[in-house]
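Read from first to last, the chains carry the letters A, B and C; within each, the first residue is number 1.
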Amino acid sequence: MDTATLSRPLRKPSSFHRAKRRIVRGLQIFALLLVLVYTLFPYYWAFVSSTKQGAALYHSALVPALDFTYYRQLIDNPIFMGSLLNSAYVAVCTTFLSLVIGVSAAYALGRIEFPQRRAVLMIVLMISIFPQVVVLSGMFELINWFGLFNRPSALILTYLLSTVPFTTWILTTFIREFPRELEEAAIIDGCSHFRILTKILLPLMGPSLASTGILAFILAWNEFLFALTFTLTDENRTVPVAIGLIAGTSRYEYPFGQIMAASVTVTLPLIAVVLVFQRRIVAGLTAGAVKG
Amino acid sequence: MSAKLARRDHRAAWLFLLPVLVVILLVAVWPLARTFYFAFTDAYLDDPSVYSIVWFDNFIEVLNDRSWWVAVRNTLVFTVISVAIETGLGLAIALLLNAAIPGRGLARAAILVPWAIPVVVATKMWEWMLNDQFGVINKILSGLGLVDHGIAWTASSSLIMGVVIFVDVWMTTPFMVLLILAGLQLISPEIFEAADVDGIPAWKRFWSITLPMLRPAIGVAVLFRVLDALRMFDLAYVLAASNENVMTVSIYARDRLISFQELGVGSAASTWVFLLVALVAIIIIGVLRLDRAAGT
Amino acid sequence: MASVSLHAVSKSFGTHAVIQGVELQIDDGEFVVFVGPSGCGKSTLLRIVAGLVAPSSGIVAIGGDDVTDVPASRRGVAFVFQSYALYPHMSVARNIGFALETLGMARDAVSQKVLGVARMLKVDHLMDRRPRELSGGQRQRVAIGRALVRQPEIFLFDEPLSNLDSDLRMEMRLEIARLHTELKTTMIYVTHDQSEAMTLADRIVVLNQGRVEQVGTPQQLYHAPDNRFVAGFIGSPRMNFLNVSSRQEGEVAVLTGAGNLSLALTTGDAQSGIAEIGIRPEALRLVAEGEGRIACILERVEDLGHEHFGYCRISDGTVWVIRLPQAPLPDRIGKPAGLDFAGSAVYAFAADGRRVAVGAGHVAEGPQP
């Protein structure tokens, strides 16, 4: 073998190469299937389990029983529907505010030359990595001052901690991609900075805003620590906390059926969004990381 | 010097930055400062206005608490193992999805599903699948004759850290895959074609071309993931609220703060968490920089 | 009206000095072209005039008023970009009218003006299209239309034609020349293209590393360059140069150099040492070996159909280009030959690059074999 690598490799018959290529292709497809099962089966299984009633739940039949009792129960459950509404309210408001604040900051950071630009960018980046638990005590005080304790609106305020640095960062990289001349043309045409942002850049930023907004929405929809800490009563909870806190009377009566139904319900919109906007999400995720 | 025009621009810049600065001051700088301040007091959460300064007592109390060190160990073990597995698995899946095989578009979309699912939901789904009596995993294992009775994955103190790592890997590998895939797509295919023509074997191509060129992408992804893993809270909390075997530093700090209402000690613990994360961040960024400096 | 003057204008990005002490006076109605090698600061200087870049020091005046601190939109300038910079999300009509819209002009008045300009540039049938639905030439017209509609006192063009193919470039060049004769507005035009510069310009400004090397009419620059840089930059193919050593004998400098050069030039009283000479390709004649003033080897001939260029290697390795009246016989290629030229065609340069004034004066004998 050692000498063979030094001299010119022996030429194998093409049937050998064809067979080899087939085997490699076969292995790749098998691996791909494995990846698909690994990523999708848990969600599928949650759906299967959520449509089984009583003892059937404990049998591991792979096909769904398509009994939607649990879902009906969820719809009739005002607490769960309330938490769904809370989640939607909090996530939508957080997304909207973070986009508005982020676009404004991104314009300054991406488009205007000023001496402290790099410093501000570094601060924004640093805040996006610090652990939420660190601000818990101070945040508690802040929320009490605003009189927002145990209100979903408190969560909007606290979520800005995670979403604003992140939307600012990503939108800055997106805004930098526009040719400088577009803006210079607008300056010559007499536009103020505000008009450049609203009339020239914003109309062109639809896809970037979608990418960033989806990421912010998912972040806000899924948040747990602040939601757990700053809401106390059931009617003010968001869905993740509501699901996290569902408990049975004992370990053996754990209501897995209901939990799976709730899980499927809150995840369905996310999965729909993810599948539809796959490209935009990937664009957003990588804009922040690879180019930054 | 036409500083006048430049000054106008600078003023405009600060105007556009005003909202983000207000937000940062309000929800980041101020709470952080308050946390640091409370860490030096003996305040309690029920009435934070009554307190006295105790200087470093809280910090020392945390360090003398055996649970704190358990939490630190858990956090580090969790971070190192889960990020290592995620990087390896992420790299493998990314390479697979980068190859021209039918169905990779579908797989690229599917891989986003675990990432988008709320941590709480993912935890519940796996808790159910790993249930000792009725879980589908145990059913499959006993069906294959590998075990004779169900394993108590989430109840056993020795296995539960494994479960936490496993679920985290399931949820966050997609993020790795996406970043590495983006890195792969920046490499010009001509480089591989050239290597192909030169007859360089596949494994060598991987070691001496693909991996070095992916280093920046992997570096950034690992940095993000490590910092994220260090502050992990929801997964361990939902799976096993106060099980010491998976208690992370975030859970420890929140417990002291909220459950025990110890504003002072809890803030001190939070401050330690902050320092821990900052230290790790500095080390990793340093290593990445050194790498880059050595490379050029 | 709008003359432009730059006084001691400098610009640095960080420590990198891009424009260094530029003095320039442009008269009202003049067509001035900036040329220079890539990266020499042409675009930066144009942007300083426009107000898009603030100079680090110096004064910019338009129509006699100091506008250094006046924002771009108040300077009465219009800018046509190399990439056109049309707003991708707006129709042609809105692209052209956007400046007027921004001024708050009534919608009817805007559309009337836009239509007038569009007619003039023959894009009135494209009014509802988006920029990406236009051809390169049409985009160019819209970009000019956008500049025109504001009735600026000064037009600034930054390599406006460089993205067009050569036919279209010729057509648009004529169009811009026509606009200038019609409007009589001051125009400043940046280009790489020598033929654009020579045909459009009233005066050309040659820039090099952020400094003005020479300002003059195309004829002045071609026939009387101030220095070696301008001599080498203007003219295509470029001027041939040769390093020489000179010995002063009274009023005559005797030059010697590679290729058995023998040349003597009258320099008058000026005892300036001549370090280099330059001769344009069209002033050279190919002669037989042993004849002419320089010995060389004819290495290669390029036949472009309507003209022929010969490449001649001289003994120090320098390759000279020569324009030939017709293609030489193939058997001369690769063989030694001679080059002849009139003494009056020689440009002489001092060691620092300045041109030394010389007379055609005495000319010594041809090269010794």
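Note that in this section a residue touches a chain if its C-beta (ideal position, glycine included) is under 8 Å from a C-beta of that chain, and two chains touch if they have at least 3 such contacts.
Worth saying up front: this structure is predicted, and the values here are computed from it rather than measured.
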More contacts between chains, A-B or B-C: A-B
By mean Cα position, the chain sitting nearest the middle: A
Between subunit A and subunit C, centroid-to-centroid distance (C-alpha), Å: 55
Whole-Å separation of chain centres (CA-atom averages), subunit B against subunit C: 58
CA centroid of subunit A to CA centroid of subunit B, Å: 14
Residues of subunit A engaged with two or more neighbouring chains: none
Of all residues in subunit B, the ones touching two or more other chains: 6
Shared-contact residues (touching 2 or more other chains) in subunit C: 71
Subunit A contact footprint on subunit B (complex, rising order): 6, 9-10, 12-20, 23-24, 26-28, 30-35, 38, 45, 48, 93, 96-97, 99, 101-104, 106-126, 128-129, 131, 133-134, 136, 139-140, 170, 174-175, 178-179, 182-183, 186, 199, 217, 220-221, 224, 227, 230-231, 233-234, 237-238, 249-250, 253-254, 257-258, 263, 266-267, 270-271, 273-274, 277-278, 281
Complex interface listing, subunit A residues touching subunit C: 179, 181-182, 184-191, 195, 200, 203-204
In the complex, subunit C residues that touch subunit B: 51, 54-57, 68-69, 71
Residues of subunit C that touch subunit A when the two form their complex: 47, 50, 52, 71-73, 77-79, 81-83, 85-89, 98-99, 102-103, 146, 150
Contacting residues of subunit A [partner subunit B, same complex]: 9, 25, 28-29, 31-32, 35-36, 38-40, 42-43, 45-46, 49, 57-58, 60, 100-102, 104-105, 107-109, 112-115, 117, 120, 123-124, 127, 129-142, 157-158, 160-161, 164-165, 168, 193, 197, 218, 221-222, 224-225, 228-229, 239-241, 243-244, 256, 259-260, 263, 266-267, 270-271, 273-275, 278, 281-282, 285-286, 289-290, 292
